[in-house]
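Note that chain A is present in both complexes that follow, paired respectively with chain B and with chain C.
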Partner chain A sequence: MTGKYDKVAYYPGCALEGTGHAYNRSTKALGDALGLQTVELENWNCCGAMEVKNVDPKIQTYLSARNLTIAEDMGFDTVMAPCNGCYHNLKKAEYDLAHDPESKSVNERLAGKAGHRAYEPGHVETIHALDWIKQGIGEEGLKAKVKNSLKGLKVANYYGCMYTRPRHIFPEKDRGPGSESTLKPHFMDDLLEAAGAENVEYPLKTSCCGGAHTLSDSDTSTRLVLNLLETAEACGADVIATECPTCHSGLEMHQMRAEKVFGKKTSVRILYFTQLLGLALGLSPRKVGVHENFSDAMPMLKQKGLAR
Partner chain B sequence: MPIHEKSLIRPENLIEHKDLFIDGIDVSGHWSTFINSRALTDYDESMQEEIAALPGGENIHRCWQCGSCTNACTVNALNPDFNPRYWIYLIRNGMKQELLLDKDIVWQCVSCNKCTYACPRDVNPEGVMKATAHWLELKGHTEKKPSMIFDEGFSQQIIETGKIEDGLVIRQFFARTGQKLAQNWLVAMAIGLAKRLPVAMGIKMGFAAVFHPRTRGWSRARAAIKDYVHEREAANRKALGLPTGEDGR
Partner chain C sequence: MTEEYPHVGDVMARLGVIAATPREAARSSSLRLVPELLQLSETILETWLSAHGAEPTVRQKEGFRLLALHAQAARGEPSFNACRETCREIVFQNNVVSAAGDEDQRERAFRLMIMVVRHLALFVSGKLEVAGLGEFCCASRPLRQPAAEAAATTQPSGV
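Right, the complex of A and B next:
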């Protein structure tokens, strides 16, 4: 569309090297298919995920800021993070460094001791994989490349918590037409619709999957996930599209746990939006990592004519 | 100065009126408005200040008790006793004994930030929940809760290596909390995945479990973060009036 995201720094984060590998594979494959180039941050570190802030929030600020420094040192003004946790933490670091003098001074102190330049806010823009496709390619650009329409596939779009909350760290959202909404996000809906999918009205788009306590309070997480799954089914969805590895693996894990521990079976499938868009562009299920998902979506994809 | 207020709406605080007529209408019975007032003198004046001194609690004084946090809360929908608005009220008034009745569920906040999104006063209730859970633990009112065991193990791994390997996180957490790794649902997931994974991928994952991913040249960052953690731990303990010496814990 504008070409402004044709070449961006890529921050995969830890989850995409582990349980979320399918998201990593499909994001890269999608970029290749769309002619968008990603250059991985050199020697990046963990952003602090959802855990470090509970030990001390300013360590999380430092961890995320170090990655922003790397992006800048590599000559980039944009870093793209597909993981909601990474995306959220880089945004939060950007916000805190600009608004909280103490966060800024702690970051400078830690960076100084660690032997690298401290990140100055305003130098690097953090975007989500959704922004990357929506604003870098756009619906029309995507439509022109669809080879295998998702027609007939009913999708519940699930964004989770960290893509929109807390709203003050996302100053570019809620800016009226064309911008993303924190209350009712739609970027993923827009892209999947352009690829031919039929989006269902899903009231739990930004509800919580309990990801922060997925292991430490499993029963709470299972109850939250089961609610997401059962509601998606009640809305008529074949598949829940995700854009966060923590949500995604939480949904898969607790779908299994709900069945084995609570005796509640649900059959809605769970796929990353990058996997669905990749399939629509004619990439094979293997190429977008469908075999790496914990829950098996192949029978559903075959039935819908999206895989052989 | 004593706090004077209506008592909390609990069965033991409700008054029963046997013959109460208002404008000729019989309104006898138990009503939630039939509550005795009370005067409190045994409140803890330092509680709000202490929780405000811990990370996340800084803005608790801004709360005007609108209840938007509780109304938006994910956990409250599962358990009505999980009530951020009420806990903030108790903390601000120093009503420690009432807060301690709920001490074993505060840690269950899932950090979804719906409260912070809804709050019209920028209290950051999510942060207040974390600060409160931290306070309960530091003051010895609760043991270390599973979420804190998880967070500390996770953070430790990042501080040591710069990165996280999720398989190791799971194994360590189950070991530290004395749970067996072979939970039937985890086993079912692993078997389901193994059936479909190509061999090369399985080998790659095995390698990641042996050679943990790490950030190169991390030692100075590690030392800097560790220093900072110690400094903050001491500052937090000092703010709570606890001994801060090396063996003070």
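Right, the complex of A and C next:
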């Protein structure tokens, strides 16, 4: 353990209170099992997500920045966001406030109207749940706590798009050894390997799933997801590990839709990396919210000796 | 643009034929088929560029025309970077096939390359249908501001 992220502000975001609740549950359970403390932001608001950013990105910057102000006011210099969308938006707000005077001015004006202090860039570091475990615990620390190795489980790691794009808002990535790569991300691979899993070579780990158009152009999304699923199966994966509630829901929902609309059935299961790590630490499937996933992973987990 | 496969749909059809190559045949013919996969990938990007009134470059980037075509397509269109890694992965698998020491490894990379080319075709054909694909996420750009809205709803010519 590095002690770096022993206690962080926790920003779950809206999805983790809805369709991504299993991710919320498993992230908290994993933190408890690893001795990492999370303190949820008080009175947090939406990061601006897709909807506000589509209407006015500067309002999205303000909404994300307000959460950073809350973290700072609570005495934290680090906020952990497990959702790729939230993580991306908080990082984008940090970048825009540091580089775009108009964004800074709008943020100050809206913060003034709302009656709170405006966030100044550089005061709070936004990290993803992957950074939290990888840099707070590390592979060796994780190995030491594994009670139920993921040995025999073949995993395709899917990072989605917003964890690495656009590259300029992630200045800490692509810094050589030890840092995350935007071309071939590996933090999730590293952690799951430390827990005993066998990572398969998955060539589509950051490829588009059409998530943003899942309702407006469902067929495109379904076809993209189907190719992600079929490729994972062709790579020999039992499971696709995810680290974003939007990716996760998209993969699960379009897996069902692909069968219904295109008659294409795939059997690869979809689990959050926090669920897999939790199982490796000896937590029960219920404790990490496997029952909350749409896709039923229990038969596969039982077969692999990871559930009873 | 290649006359043989003028549309992304034709590329998809050809990919289906290549993907159906029996295992034994693929083991012996992957080296021969991989240049065609690379060419099909180029055709996909050529289709996008032509549909947007651009002359597809004949230059290479890092030894590959595919990467140069991607760079050309992404210029001024940051959402096109949503397929940047996909293009680089195609090049990577191409290199693995070329450098593989045994036929099993070569055949495996060949199969993966087909899946990745298919993803590129799906992404680009999806983006030809809905220009906003990749906008809000990979480009981190708004879709519903007047200028962006106009761009997102304008269909390219020739589609």
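Keep in mind that, in the parts below, the second predicted complex is superposed on the first by the 308 of 308 C-alpha atoms of A that agree within 3 Å, B and C clash if a C-alpha of one lies under 4 Å from a C-alpha of the other, contacts with A are read in each partner's own complex, and residues count from 1 in each chain.
Please note the rule applied: contacts are C-beta pairs under 8 Å (C-beta built on N, C-alpha and C of every residue); 3 or more make two chains touch, one makes a residue touch a chain.
Since this is a predicted model, take the numbers as computed values, not measurements.
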Legend entry - Clash-or-fit label for the pair chain B, chain C on chain A: clash
Inset, instruction - Considering only touches as defined above, state whether A:Lys92 meets chain B (first), chain C (second), both or neither. - result: second
Legend entry - chain B or chain C, by number of chain A residues touched: B
Inset, instruction - Would you check which partner chain A:Ala15 touches, where first means chain B only, second means chain C only, and both and neither mean what they say? - result: first
Legend entry - Contacts of A:Leu63 with chain B and chain C, given as first, second, both or neither: first
Inset, instruction - Pick one for A:Pro166: touches chain B only (first), chain C only (second), both, or neither. - result: both
Inset, instruction - With the two complexes superposed on chain A, say which partner A:Met50 touches: chain B (first), chain C (second), both, or neither. - result: both
Inset, instruction - Using the touch definition from the top, say if A:Gly35 reaches chain B (first), chain C (second), both or neither. - result: neither
Legend entry - Touching partner for A:Asp217 - first (chain B), second (chain C), both, neither: both
Inset, instruction - May I ask you to decide whether A:Cys208 touches chain B, chain C, both, or neither, giving the answer as first, second, both or neither? - result: both
Legend entry - Candidates 22-30, 58-66, 76-84 or 94-102 of chain C: the single one with C-alpha clashes against chain B: 76-84
Legend entry - Contacts on chain A seen with chain B and repeated with chain C across the two complexes: 50, 53-57, 161-162, 165-166, 207-208, 210-213, 216-217, 220, 223-224
Inset, instruction - Mind listing the chain C positions that touch chain A in their complex? - result: 78, 81-83, 85-86, 88-89, 92-93, 111-112, 115-116, 118-119, 122-123, 125-126, 129-130, 132-145
Legend entry - Residue ranges of chain B in contact with chain A within the complex: 55-56, 74-75, 78, 108, 110-114, 116-117, 124, 126-127, 130, 134, 145-152, 154-155, 158-159, 162-167, 170, 173-174, 177, 184-186, 188-189, 192-193, 196-198, 201, 208, 213, 215-218, 220-221, 223-225, 227-229, 232
Inset, instruction - Spell out the part of chain A that touches chain B in their complex, as residue ranges. - result: 14-15, 17-19, 43-46, 48-59, 62-63, 66, 106, 109-110, 113-115, 161-162, 164-167, 182, 207-208, 210-213, 215-217, 220-221, 223-224, 252-253, 256-257, 259-261, 291-292, 294-296, 298
Legend entry - Contact footprint of chain C on chain A as seen in their complex: 50, 53-57, 88, 92, 161-162, 165-166, 169, 183-184, 201, 203-204, 206-208, 210-213, 216-217, 220, 223-224, 227-228, 230-231, 234-235
